[in-house]
Structure formats: C-alpha cells, structure tokens
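For reference, the structures are reproduced in the following blocks.
In the two complexes that follow, subunit A is the common piece, with subunit B as its partner first and subunit C second.
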Partner chain A sequence: MTVASTSPPLRRPRGDGALAALFVAPAMLGFLVFLLWPTLRGVYLSFTRFNLLTPAEWVGLDNYVRMVNDPIFWDSLTVTVEYVAINIGVQTVSALAIAVLLQRLTQSAVLRGIVLTPYLMSNVVAGIVWLWILDTQLGIGNEIVAGLGFDRIPFLADETWAIPTIAVINVWRHVGYTALLIFAGLQAIPNDMYEAAKVDGASEWRMFRRITMPLLRPVLAVVLIMTVIGSFQVFDTVAVTTAGGPANATNVLQFYIYGSAFGRFQFGYASAMSVALLIVLSAITFLQYRLTRAGHTDLG
Partner chain B sequence: MRIRTVVALTGALALSLVTGCAQGGAAGSSSDTVTYWLWDANQQPAYEACAEDFERENPGLTVEITQLGWDDYWTKLTASFIAGTQPDVFTDHIQKFGQFADLKVLEPLDDLGIDDAAYQPGLAANWMGQDGHRYGAPKDWDTVALFYNRKLTKAAGLTAAQLNDLSWNPEDGGTFEKAIAHLTVDRNGKRGDEAGFDRNNVKVYGLATNGGGDGDGQTQWSTFAASAGWTYTNEKRWGTEYQYDSSTFQSVIKWYFGLAEKGYMVPFTDYNSQSNQANTQVSSGRAAAAFDGAWMISSYAGFKNLDIATAVTPAGPTGRRATMMNGLADSITKDAHNMPGAKKWVTYLASAKCQQKVGSYGIVFPATPDGTKAAVAAYEKKGIDVSAFTRPVADEKAGGKEFATFSYPITNYAADVYALMHPAMQDIFGNGRSVTSLDRTNSQINLILDQ
Partner chain C sequence: MATLTTPVPTPTPTKAAVRPLRRTPSPGRIAAWAVMAAIVLVTLLPFYWILRTALSTNAGLAADPTNPLPVHPTTGGFERALGLQSTEEAIAQGGAGGGLDFWRYLLNSVVVSTLITGCQIFFSAMAAYAFARLRWRGRDTVFGLFLAGLMVPAIFTLLPNFVLIKQLGLVDNLLGIALPTMFMTPFAVFFLRQFFMNIPREVEEAALLDGAGKVRVFFRVLLPMASTPVLTLAILTYITAWNDYFWPLMVSYSDSSRVLTVALAIFRAQTPQTGVDWSGLMAATLIAALPMLVLFGCFARRIVSSVGFTGIK
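Coming up: the complex of A and B.
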C-alpha cells in the first residue's frame, strides 16, 4: 500500500514529549515506587542490622560474611536449585508435548481451556488440595497407592520425596499456561513449511526436530527465562505444604528469607540473601539469553 | 488536553487515595473504640459476652473484636506494628512476648494493679519482662493430659484407673510404654506386646504424634523430659543457657521418638501440621491415645461416634507427673490508638467478673481460681471430666507431691530458638538423626543468647 503523498509532511508537534511522558507516568510511577525504590532500599538494608521497628544500624559487610558462612543458606540454595531443575525440566518437556499435540491434532478451544484450568487456581489453594490428596494416611492419593498394593508414600513428609513432590505440584499448576505460551509460538510457524516437509515425506518426529524446534527456539528461550525466574521464587506451595520441612529438606531460599525476616525480625540478613538471589537470577537470565540467542529468530 | 490539569487531577487522586488508606487503617480507632485481637475462634463468643458487660459498665466505649487464625495472627500483628494499624489490645503468647517487649512495641502494665495472688500460681509472674515491667495481664491457662479412645482402651483391657496410674522411665518405658504397646494393633490383629507383632504394618497406633515438638515439646516430649528432672534453661525465667545438650534430655528424646521406631507411636511421615495432627489421628482411628492440651478439650469431645476420656500424664523418674502449664495474657500495644480505653479493657479482661463469665462458656480455663471453677462446672454440664487438667494445678498449689507443673521456656530470642530447634527435632524424629546432634544445635542457640 502506498501512503498518500498528498498529505502535508508530518510535523512533530511540540507537545508530544510531555504527552508521552504523561502516558508513561503511571507505569513509571509503579516502577519507581514498587520496584526501583524497594530494590535500592533492599540493597541498602542488606548492609544494616534492621528489625523493622527500630532504626537500621549500619554493619557493613557483616550480613554477607554471615551468609557465606551460613550452612543453612547454602543448603537452601542447593534445595532451590534441585527444585528448579526438576520443576523446569518436567514442566518444559510436558508443556512442549502438550503444545505440539494441541497444534498438530486439534484446534479445539475447549481443550485449550481445559489445559489452562489448574492455572486459574491460586497457588495456595492448589498446595492445600494436594497436601490433602497426598497425606500419607488420609489422602486419597495414598489410598490409591495402597489400593494398588504398594507401600504408602510420604510424599511431603520424607526428605527425598518432598522437593520432587512440590516441584510436580507446581508443574501441574503451571504446565497449561506454559503450554499455551509455546502454543502461541507454534502458531507463528508458517504452515507451508510442514506442508512442504510432508510432500518430501518427512515423519511427524522429523518435522518436530527439523522445523518446530529450531523455529520455536526464541519463544522457548523467553518461556524458559520466565519460568526459571518464577521457579527460583517458589514460596507459597512450600509455605502451605511443608513449611520448609522435614528438617529443612524443602527450606527453599525464598522461604528461608521469609523466615529470617518475618519470623526472626532479621530484615538486614534477609535483605542480603535477597540481594544474593537477585544476583543469581540476573546471572542465570543473562546466560540463558546469550546461550539461547533469545533475541534472534531462525525464521528467514 | 490541558496537561497541567490532568497532572493536577492525577495528583489529587493519588493523594486522596493515600490519605484514604491512612484513614482506612486507623478506622475504628477513635477515642470511643477499643480494638481487640484474638486467635481462638472458639473463645470469641465468650469474649464478646465480656465486651458487652464492659460496654454496659463504660458507656461510650465500644470493643471491636477481630479474630484471626494462629498463623495469620502473628504475621498480621507484625505487619500492623510497622503500618501503625496495630490493635489496642491483643491476646499474647508467652513465646512471643519477650521479642515484642524487646522491640518496644508493648506498653508496660505496671499501673493496672495486677495482683499475682489473684490468679493461679505462676501465671502472673510469667509476664514480667526482663526489664522488670509487666507486659501481660493473665487471661487463661492450660495443661497437657492423655486423651484416649475409650472403646480401644476397653478392648485392650485397660481401665481408667490403670491409665491414670502409669509411670515411665527412659530405660524400658515402664507401665506407660507397656500400655501403649498393648494399645497398638497391627494388620493381623497382633498387639504391640505380642510375639510376631509387625511394626511396619500397624493398623492402630498406641500413641498419636504432634511432630517433633520444636524447642518446647509442649504436647510431645515435654511431660517426659520434665518428669525426668530436666529443665529447658538454667533459670526458671529468662535463662541464659538452654540445656538441650543434657544427657538426661537426650536419653528422654531417644526413648520417646524410639516409640515410633518400635511401631507404638504414629511415625513422623504420617504427621502433618496442617492436615494430620494428633487429634486427627485419634478421630480417624489411627491412634488410640494422644497427649494434647486443654485448649483441645472441646475438639476431642466433639468427635462424632467416639467416646473420648482423659488421663493424667505418667509419673517419671522423679516420681512426679509433669505437665507444662502455659497461660495466655492480654497485652496493650505501645502506640495504642486509645490508650485509656485499652487499659480499662485489659483491667476488665483480667477481672474476676470477666474471667468468671468466660469460664461459664466451658471453652477455656480462666486464670483466676473462680474463673477456673466456673469453667470446670461448665465442662461438667457438658459431660466432660476435666480433672486430668485441673489436678496438676490443684496439687501444685497444695505443695506439689504428685504433680509438677512447669512453664513454657521464657528467654530472649525465642524465634531463633524455634528456627533452630524446629528442623533439628524433625531431623531426629523423621530422619533418625542421632540425639547427640542436639549438642551442636544447643551451642548455636546459646551463642545467640550470648549476644
């Protein structure tokens, strides 16, 4: 389409900048008040001893020294990484499978809706429901396990089972959403590529490997970055199902931070651990972004 | 569009929102309202009745009661101190008040004229801070006893008299261990003390569990540790050294959690602080008996189709039966919006009149002896015998020949003690870690207390 060249050349109105600023202002205000300021203040507090109710007292690097020497911190970091690995691993593979199936087999909006249902539930409710389902003695899940002739499994009460169980509960809740994101990415892949491949006699699996995966990479990369960040911040499910137990087996970093701050009033130390988490997340995001070339597309 | 107008309007809107919030926060805290928080929903009607009488006696004053579940209660209270929306008066727990006093968010109550002698022994004294000021007005008390399913004890041939006369020791568990072993039944119908008992396939456990017990073991191991002569710290109140490294304590803990290994007590994996506590284990028929506190009397009595009775705790190596006697109190916040009203309300809450009223609801034992009497009568009216809870207190007053009551540990840094002991006890109970691991935890705790 050709733009009508009869119209006078566009003159940049003088008031544009101010108007733009006005439109950006609400978002900017939110960013400054709820993100930038708390972050800066958090960083400052990480160098203090602070109990919220009396003024913060500057202690230099004390909190960071304590953190490096705190075995519970390292333990909770390990637990968190273990959680993220299981959560993201299982979730990404299942979401990808669901998305591809949705795209290749059906276009039903009802089915897509069903896939998304668990996501509509709050994390806390999902956690409590699964807690009851998986209860060793009273849970219907364990009734089934026992009914099948197996020993009951202490899903949330055993140190080996607890983290995988919480990871899978969260997969259950998030997989539909992740699948839909990937599904949207799949929609962007031109259909004629599949048709051409089909003409050449390619199998579904070959098409998946040669067309879907490479062309999905940018979307998958963004999805991964988002889910990994979200996964590192796991808190609510742990809080309602195990409260960090048994014996710190599920004491994920966010839960340890929360406990230090709101349980023990050590807001300075909790801030230092939050800063550490921020650094870890930034580093992981940066690495992922670089490794997956998320900003580039293979679609010519 | 006039940008300046828009900016001004936006600003005005934002400002009104902010001030609106502030007003919202302070709402209901005018000079004629006293805000009061409590966590036990069962007790709310009793305190509402008290509030009505109070309002009648103090025309112009209104008490606004808010009930919040235990977990939310403390989080919200903490947040409210920061936001300045704290209640004027709130129900306080002995485990928390030291820290609050330390944070200077509580108003000293020295001028309320609380008379120690007006309450059951020890209750008033526990609320004196380390600085010598009073921070709580005694409200109620509770002890621990053994709840048991009468149908199951009858089937095991155990009489009430026998169950009220048990004793234990950390070597062979005494008659107490024999009794709960006998109450335990496996899938094949074999009892815990019979040959061929299968501890891995238990149908009914003799004793329920309330988990590892953190640093206090109130309804878990405290009765055993205390009747073995152990105390939490080096002092009665405000001790500076915890004693989880004592060999007496560790031998008690080893024996106690060993009951689960033997198959007589519900294992750690079957316990859940949210979904499967001791009372649930009893009500679902998984356990025949459970140590639990007086605050659970109504819950146990309410189990449908179950005939529940209570027995006193077993006598230990010291020859006495021990139970924790814990009491709650009402505290006033330092920045209470209505200080004069708050003081009047707390004075009333601690008065014989209000406590008698609360007692008459038969839901909790008020701190005054008359209030306690009223509660006992009210329970009796409901057909509940509460003597297993009141006998230790009466005996203690008479010199304590048979019973020994002890208080919840009162020290600084209670939250830190909890943070360290909670996983440590779970590790022993759940993961079979050695009790000697408590040596290290204990020195960590004492290091914190040393600060």
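Coming up: the complex of A and C.
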C-alpha cells in the first residue's frame, strides 16, 4: 500500500517523538541486541581465534585461508549444493504440479489443508518418522521394496542414497507449503483466460504452457529465491537421521559449521564459514532476481 | 461488460450445454485425480504409521513389520516416553531406560513458544503502530533498517547470539531460548505495520476527538481491530517456535530447559542393545506432533489462507 512518507502531511503538526520512542523501544532493543549486533559480531569473529573460554584473538584472514585449503569444507559445500539441487528440483516440480491440480481440478479447501499438514511438523519429527519408515530391517518402505522383489535399500546408511533421501524427506515436509504459495499466485490469473482458451479447443497441457507458466513466472521467481535460501540452511533433518555420515556423505555446510563450533570449539573458523554461506546466499538471491526478472509479465 | 441491449438469458443455455460435456470424466481427469489421491496418501500415511507403531510392542514390530494395524496393542510406548515405567520394565520392553520425561519437555515447549509468541507480537505491534501512525524524526530510516534485517538469514545470527546468551549466563535456561526472538522479527513488524496503515485514519481520529490519548487509542481501538491479523501471525509464530530445533539445541543442556524437538533427537540417539525403541520413539513423536495437529484442526482455514499472503511479500 502507501509508503509512510506519502501519508497526508501536516494534518497533525505536533510530533509524537516521546511516545514513539516508548512504542519502538522494545522492538529496537531486540533489533539492536539480537539482530544487528550479532550480525556484526559474526563477521568480526570470523577474523579471530575464539574458543568461548578465552577472549577472541585477532588473526586476520587466517580462518579464510584455512577454509580455502580445507578439503572437508569443499566437500561439505559440494554435498550441500547436491542436496539443494535435488531438494529444490523435486520440490518445485511437485509443488507446481500440486498447485495446478488444486487450481484446475478442484478448489477444495480440505485438500489444501491436507497437503499443508506435514508443514506443521518439525523437521525433527519428519526426519524421525521417515527414518523409521525407511529402516532397512523393519521399515514399511523397505518392506515394500522387498515385496516388489528388489534388494532392500539402506536409504540413510549408504553414501550415494543418503543425500537424495534427506532431500526428498524435506520435500515431504515443505512441498505443501510451496504448493500453496504457487497456488496463491495461480489465483491471480483471470479464469477468463482459461475459458477463452478452452473455447478455442486448447488442451490442459497447452493452457499450462501458454497461460499458466508465463504468467506465473514472477511468483515462481520469488518462491524459488525463498526456498533455495531455506534449502541451503539444511541442518535439522541431517542431525537426526545421519549426523553427517556415512563417511561425511551428508556433512552439509551447516552441520560442519555446528561441529566446528560446538564439537571442536573453533568459533572463529565456524564464523568464517557462516560468512561464506551468507555470501553464497546473497549472490544466489541477486543472480536469481536478475535472471528471472528478465522476463517480466504484464500481470501483477 | 454486458451491454443493456443484450438479452440477459442467452448466456445461460450455452453454459448449461458446456457443463455436462466438461463433467464427463476424460482419461486425463481420471489420471489427475489418481495423482491427487496418491499425493494425499503419501502426505497422510506417515501420520497413521506413527500411531500404529506407537501402539505396538517392539517385539510385535519385529515379528510382523507389515501389519497395517498395531501389533500386540499396548500403551507401553507412551508410558516409556512419559517416564511412567521403571528402568527394568522399560528395558524389558525394548526401551533404553534412559529416563526421558516428555511431560516436562511438553511443558518447556509450551512455555518457550508462548513466551516468544506473546512478547514478540505485542512488541512488534507497538513498533508497527509507531511506524504506521506516529510522526517522529527518523521513522522511515529506522523502518528501512528493520526491513534490511529481513536479508540476514536467521541462521547467521545463531552463533554470535549463542556467545551473547552464554555471556548473559542464560545457557540452559528457557529464557535464553526465548530471548533472541522475544522482542521482534522484521517480518512481524512489517506485516502488522501494513495492516495498521490500511485502517482508515477517521477511526482513530474520532477517538482522539473524544479526548482519548494515543496510547489509549492504540490499546482500545487499533489493537482490537487488528485481532484477525494478530491471531494469524500468532499461530504462525507459535508453529515456528514450537518446531525450532537448531537454536534450542545450542542453548539447552539439561532437563530443565529441554524442549520437545531436542528431547526427540536425544531419544532417537539412545539406542538400546536390542535396537531402536521404535514404539517409544513414535509415541514421543506423536506427543511432540499432537499439539500442532490440534492447533491445525482448530485453525485450518486460517492457516491455509495465511500461507498465500504471508509468503509473498
């Protein structure tokens, strides 16, 4: 809506300085102490050696030099990118499909509620439930695999399977939420367009390609930025299912950062890796924004 | 749109003629419904499987892993999760006997989530009012600064915030878990400011003319008017706080501050010699999930519709 500065000027000439200070004070305190200060401090700590017990000691770029030469860091970055690629790939396609089904097939609010249900669970709950379902010996998922005549798959205990499995578990939790975001975007497309296309004899697939996709592009761009940023921060599911294993195969960046800080008490090094992640996320946001805004639609 | 000269009833028969045509189930529609049914199944079956497992015995689960019903139905899993069994009893039934008390963690989760939700929304609403309605120098600059906070991924502030909480001596304390998000989030301020700005000024001006002060106007007029967005925001904040794992994992070390997510992960990590206590673990999972399912049951419509307008800013 309207921006603050365009509200009618001088209707009430007296300022509310004192009252405003009182009203903003608690939020301001929280902002300064728990958001701005830690952000600056996080950057500062990345240039120090710090183990929590003795004061932080300035070491310049040492942590960054170490990071660049740390094979485990690069490994964990690779694993994270692999996770994000699978997670976002599967999730975006499924969410788009669900959203289109919800729009074109039925407008049922009950179905929308059902697909959102897993989102109400924590990542920890989702991780543990699927750990059980996919258990090699007793899990119903592997019973089905065996029932179909295949060998049992150690989904979370195998180096190749673990990352795709975690990626898909997190799709289970988040796909409904993502689908509803896209669904909200679809609601903005006038129904007349589909009616007109139908009169012209267009198939559902053709309507999807010619109407839905082009008009949905800006919404998809925003959804992608949001989900990619969230996806890069994966931690909970890894922590409860594989704890980074087997053999570092699921040692995603956030898990490595946590281990460096709380396992080895290298808060400086952990902070440097956090800064690296922050830079990667900012770069992705910027790039995606540039790329996807290139094809703007008229609908808005 | 329709000109006055056009006879009104004409469109109706055409529509009626189209309707039955569209309703005949084409193979495409049947396939689409089948896909939808599969999605619903994959979404909901894990919830049933939690219940079925929680009500089975561990021996039963091992003997009959594919039985769709609880095997040897029992409440033993829940008793173990709630710390109602003696160590010997628990071990005999395949538990770790580690003395976890999910009543306590449930209570801790309620305290933390309530503290975060109540305070965060109250303070954010006050700030939002100041940004939307009061005039003061630097208002737009400060608001811009708050908005810039949206750019910092929450995860980046966790490590430095932990250092701060440790310096404040609040590690292993429920207040330490709540503190960083108790005062505001940029999103809550932004969301509520947007609402206050859409309330016509006449509403508060009438109250001001009656001699009410601005503080009174905020508490007696604007805040009650904002009850719908406040409730929506409160539900979403509560869910987020309830499900958070990473931050409480850093701050809580003992039973006194352990919340459900952290306790669940610990339960999962305790593996008795006989293998994982799946029955107890699923019972604990259900205890952790149930309050959110109940919340969803009560406010499903509101939660579903909130996703559309809170997600895309």
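Just so it is clear, the second predicted complex is superposed on the first by the 265 of 300 C-alpha atoms of A that agree within 3 Å, B and C clash if a C-alpha of one lies under 4 Å from a C-alpha of the other, contacts with A are read in each partner's own complex, and residues count from 1 in each chain.
By definition in this document, contacts are C-beta pairs under 8 Å (C-beta built on N, C-alpha and C of every residue); 3 or more make two chains touch, one makes a residue touch a chain.
Source: prediction; values computed, not measured.
Asker: On subunit A, do subunit B and subunit C fit together or clash when superposed?
Answerer: clash
Asker: After the superposition on A, what does A:248 contact: first (subunit B), second (subunit C), both or neither?
Answerer: Only subunit B; A:248 stays clear of subunit C.
Asker: First (subunit B), second (subunit C), both or neither: which does A:138 touch?
Answerer: Touch partners of A:138: subunit B and subunit C.
Asker: Touch check for A:159: first (subunit B), second (subunit C), both, or neither?
Answerer: first
Asker: Based on the superposed arrangement, let me know which partner A:78 touches: subunit B (first), subunit C (second), both, or neither?
Answerer: After superposition on chain A, A:78 lies in contact with neither partner.
Asker: Looking at the overlay, does A:38 come into contact with subunit B only (first), subunit C only (second), both, or neither?
Answerer: second
Asker: First (subunit B), second (subunit C), both or neither: which does A:240 touch?
Answerer: Touch status of A:240: both partners.
Asker: Check whether A:265 is in contact with subunit B, with subunit C, with both or with neither, and answer first, second, both or neither.
Answerer: Once the two structures are laid over each other on A, A:265 reaches subunit B alone.
Asker: Identify which of subunit B and subunit C touches the larger number of residues of subunit A.
Answerer: C
Asker: Determine where on subunit A the residues touched by subunit B overlap those touched by subunit C, and list them.
Answerer: Common to the two interfaces on subunit A: residues 15, 19, 52, 128, 131-132, 135, 137-139, 240, 262.
Asker: Can you tell me which positions in subunit C touch subunit A when the two form their complex?
Answerer: Per the touch definition, subunit C meets subunit A at residues 28-29, 32-33, 35-36, 39-40, 42-44, 46-47, 49-50, 53, 61-62, 65-66, 123-124, 126-127, 129-132, 134-137, 139-140, 142-143, 145-146, 149, 151-153, 155-157, 159-164, 166, 179-184, 186, 189, 194, 197-198, 201, 214-215, 218, 239, 242-246, 249-250, 260-261, 264-265, 268, 275-276, 278, 281-282, 285, 288-289, 292-293, 295-296, 300-301, 303-304, 307-309, 311-312.
Asker: Can you tell me which positions in subunit A touch subunit B when the two form their complex?
Answerer: 15, 18-19, 22, 25, 51-54, 128, 131-132, 135-139, 154, 156-159, 240-241, 243-248, 251, 259-260, 262-265
Asker: Sort out for me which residues of subunit B touch subunit A in the complex.
Answerer: Interface residues on the subunit B side: 1, 3, 6-7, 10, 75, 78, 81-82, 99, 103-105, 268-276, 280-281, 284, 286, 415-416, 418-419, 422-424, 426-427, 430-431, 433.
Asker: What does subunit A use to touch subunit C in their complex?
Answerer: 1-2, 4-5, 7, 11-12, 15-17, 19-21, 23-24, 26-31, 33-39, 41-42, 45, 52, 97-98, 101, 104-106, 109, 111-118, 120-125, 128-133, 135, 137-140, 143, 147, 172, 176-177, 180-181, 183-185, 187, 204, 219, 222-223, 226, 229, 233, 235-236, 239-240, 254, 257-258, 261-262, 267, 270-271, 274, 277-278, 281-282
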